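Read the structure below first, then the notes.
Just so it is clear, A, B, C and D label the chains in written order, and each chain counts residues from 1 on its own.
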């Protein structure tokens, strides 16, 4: 079991201190001692309501936030302890998709520049033409046209931008992708397309996926296992069926009970 | 609120310290021996040696700074080379004029700036807005001294309504009526600053008017005037208050010019004359006082801000 | 007589020199005590429709080009601004999406509720404040006597939305418009707020227009549903009838796109393509580029509204033929 | 052609600002070809013709030395452009580097911005005056002094804007893609700041004109013989009753140029990313 896990998080804490001496000091325990693991090629969902700390988990794993204490072991190496220079190399294997496709692409850069950045930073290509070849490939894989690389982000719709953001991640062929509310900002009809795309890429590449979301329907659709977070802690972990069909924790039950259901019985 | 005030006061201390170091270093930045500079051209070598010892200039610079700071805290800002009087009393002589000028200017700024700004914002896009906001920008583009000269030319030389220069103290003959000497200078000084406030009130009101809560207020069926004043202006006031410190600095800058144009015996003209006379202790003293004043005003602005915006004070 | 009847409403946005239609030919009615849900994706014109009913389009680049809005027998579009304002917040009230920004941050909650009472009911301050406390109690805010003195930033998102509801109900409106009232809230809070809206709507007999992108929310709250796509109502029917007898391919696609929590689906049947922007001019049916049953006629001819049976309307050339599920 | 179209698009519906832009272009052209345009030597003293009224051949009249006011005004345009561009460059380079780096590197920034805050406690003209007492009157020194005065504001503004950009998701995304400090600063942050910086520059250009004129007026700016609009006003102010035209022309030139620059800045500000609109200090 242990040998099979790609990522192991042990007793992770991420706290934020608000206000200096001019204000009353406040410590926010966004992530308050959580432990979980992800196996190779597995989809684990982290689900919870806003402010429960699920996004902070993702940001801590990619070292966009500093952990207060705890261990994050990725493929046998402690991610939190390694020097920044070493972690920059490891970034290739731990990639992140962000929520807002309108904010995650630099508006001043052509798609080709945005997509070449990871290639050149990780020295995966020798020349610009090499890079272009790879970019054209990946764009087609995410359902875009290869000529889209010469355009700017504002020329695309939200769904298309999210495909580009996914391309930026997939171009590195990472072993772990963290998707932070990756489909929440999209309209339902587009959300379904992008969700299908993420699922397809995950299955083709065999990467592990940490899917962070507040939407239980989406979570059920994509996950193998689910961890429910509440106020900085994981209150329940289990396979998809355990969580959705036989929930144990009262919070999980409350969450499931709150979803407005569509009378699909009548419909189908 | 009390705790907030106290903490905010404490936060001023590092700023004051850095400012005092900069002001202190000013004398040392002037090329040449500071003692010779302080004593002026007429000083003998004996005087210089005596003062060097007295001021502790043979000591390391940190000790000198602490000595100087100690003197400043006791109200001793040094002696003017030109007047041979304590700097503090030289400055105090100009204080009445400058304070009265500032007060009168503030009145103009509030009386003209805020209503015109509101008018401009509520009539956004109309000809009223184009004239008021364009006019404000034009007034902010006029050099202060040029405006002053032409006001003198029209209202004193031409029409003879107001005196053109000088300001006898209100304790002299004429009493409060002497204020008339300040009408033209205060208008000169107010013009660019009122223009700034007009533009600021307009811009912040337009900004607030796009916020969601304004739509809520409109949805209640309130009169557009009530929406503008009670909801939009009240919120815009927060930004206007925050910019007040900036206005003060602009005011001081232009006061230097205005007092020179109207030959007012204020602190602004004192600075210019002291610079031309190379009366460095006075320059240093005035700068120190203005900087301290600026920091105090910013402190007051912050406290006012906390009263205007409940999100700040009631943390 | 219906409480509200909207007929052939057309709204256009002015961009540069072009007047682009954003809401086209929208007609619906709401009877007293009824709840109407308007569902659609972002940019479909559902929010603009509600703003037009409220009369809140002034100052925006959007204008009403034609149509009529009749409320309690009164044609709203022909009223003067003053007459319109006496209805706004009084007989028609609105709840907005963002509870975080929809309240004025510098005034106490109570003062904001009092405002419409003083304006429309000419109440004294003390009387209005008593009513404000009652209203906060009505929307189930604990300790209303203290909460009435709170500033918005001292309340949670759910509580702010309750305050918004209290504010809207202050003058006992006949019609309440709620524009995405729970979108910014967490599911558990959403559940409570929706329950509150349903409860109040039944107890007070207020008619309700609920606007949402979430079919689940609509299905659980409304008697009648209108589905909008790119400025048009493409299908409208009583809720139960809509879900048992889906006719428009867009409604169909929307339902298929939603991942549900009680069933496993391997691949979602997503609607292909993307939502067209308002600048794109589309010939024929606006949905034809994404439709799986579109034929030639769909690219040339915009379908008229067809009545299937009582109160079930569809805009599709193939409505009666059904869809190829 | 494309540039022209873009300019017309930006200035659409803002006719006054377009006229302002035209005026500024005219000033720039005059500055470039001043020697060709000036009918007389701006330094040539001609006591017989002193204080002559505007007419032919002295379009703007002559000053109390009998120098041709029109020729001096033409050369004054050159001075205005030099002072404007010079102090804007100093302000942007010094202030830009301090502001951007302070925002990007937290610890260094904390200290530097403290110092900038203190410097901002010195009113602009006063700071300029004090600095000028330490330096000689010259064109370079005037540029440096005005530039430094506005460098503090620029640093503050760029500090704020960079902090906002640092919070952007695309910066996080670039970090995840493996971008280093250089790439983040120069590929991701700086290009997004260019247009707000340009807007700020246009306002600084306008302020610098007024500031330079005030320094000239107080006798602490450019050396008195240099033909600048500020010097012309300063030198002739005692003749304001006898020869009012001597103050009208250079005064009007300053006002028109500053007003035009402010108008242009105002239009450009409307086109800037709304996030940064409130950061820009202008009129």
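Structural remarks
One rule holds for everything that comes next: contacts are C-beta pairs under 8 Å (C-beta built on N, C-alpha and C of every residue); 3 or more make two chains touch, one makes a residue touch a chain.
Just so we're clear, the structure is a prediction, and the values are computed from it rather than from any experiment.
Listed by label, the chains that touch chain C and also chain D are A, B.
For the pairs B-D and A-D, the larger set of C-beta contacts lies at B-D. With respect to chain A, maximal separation of chain centres occurs for B (centres as means of Cα atoms). Mean C-alpha positions place chain B and chain D at a centre distance of 22 Å. Here the CA centre of chain B is 53 Å from the CA centre of chain C. Chain A and chain D have Cα centroids separated by 48 Å.
Among the residues of chain D, none is found touching two or more other chains.
For chain A in complex with chain C, the residues that touch the partner chain are 49-50, 157, 159-160, 187-193, 195-196, 199, 214-218, 220-221, 240, 244, 254-264, 266-267. Those residues of chain B lying in contact with chain D across their complex are 14-15, 18-19, 22, 26, 29-31, 134, 136-138, 140-146, 149-150, 152-153, 157, 195-196, 199, 207, 239, 246, 248-254, 256-257, 260, 271-272, 275-276, 278, 283, 287, 290-291, 294-295, 298.
Contacts from chain C toward chain A in the complex involve residues 41-42, 186-188, 190-191, 194, 213-217, 219-220, 240, 243-244, 246, 253-265, 267-272, 274-275, 277, 290. The touching residues of chain B, counted against chain C in their complex, run 209, 211-213, 215-223, 231, 234-235, 238, 308-311, 314. On the chain D side of its complex with chain A, the touching residues are 168-170, 172-180, 183, 187-188, 191-192.
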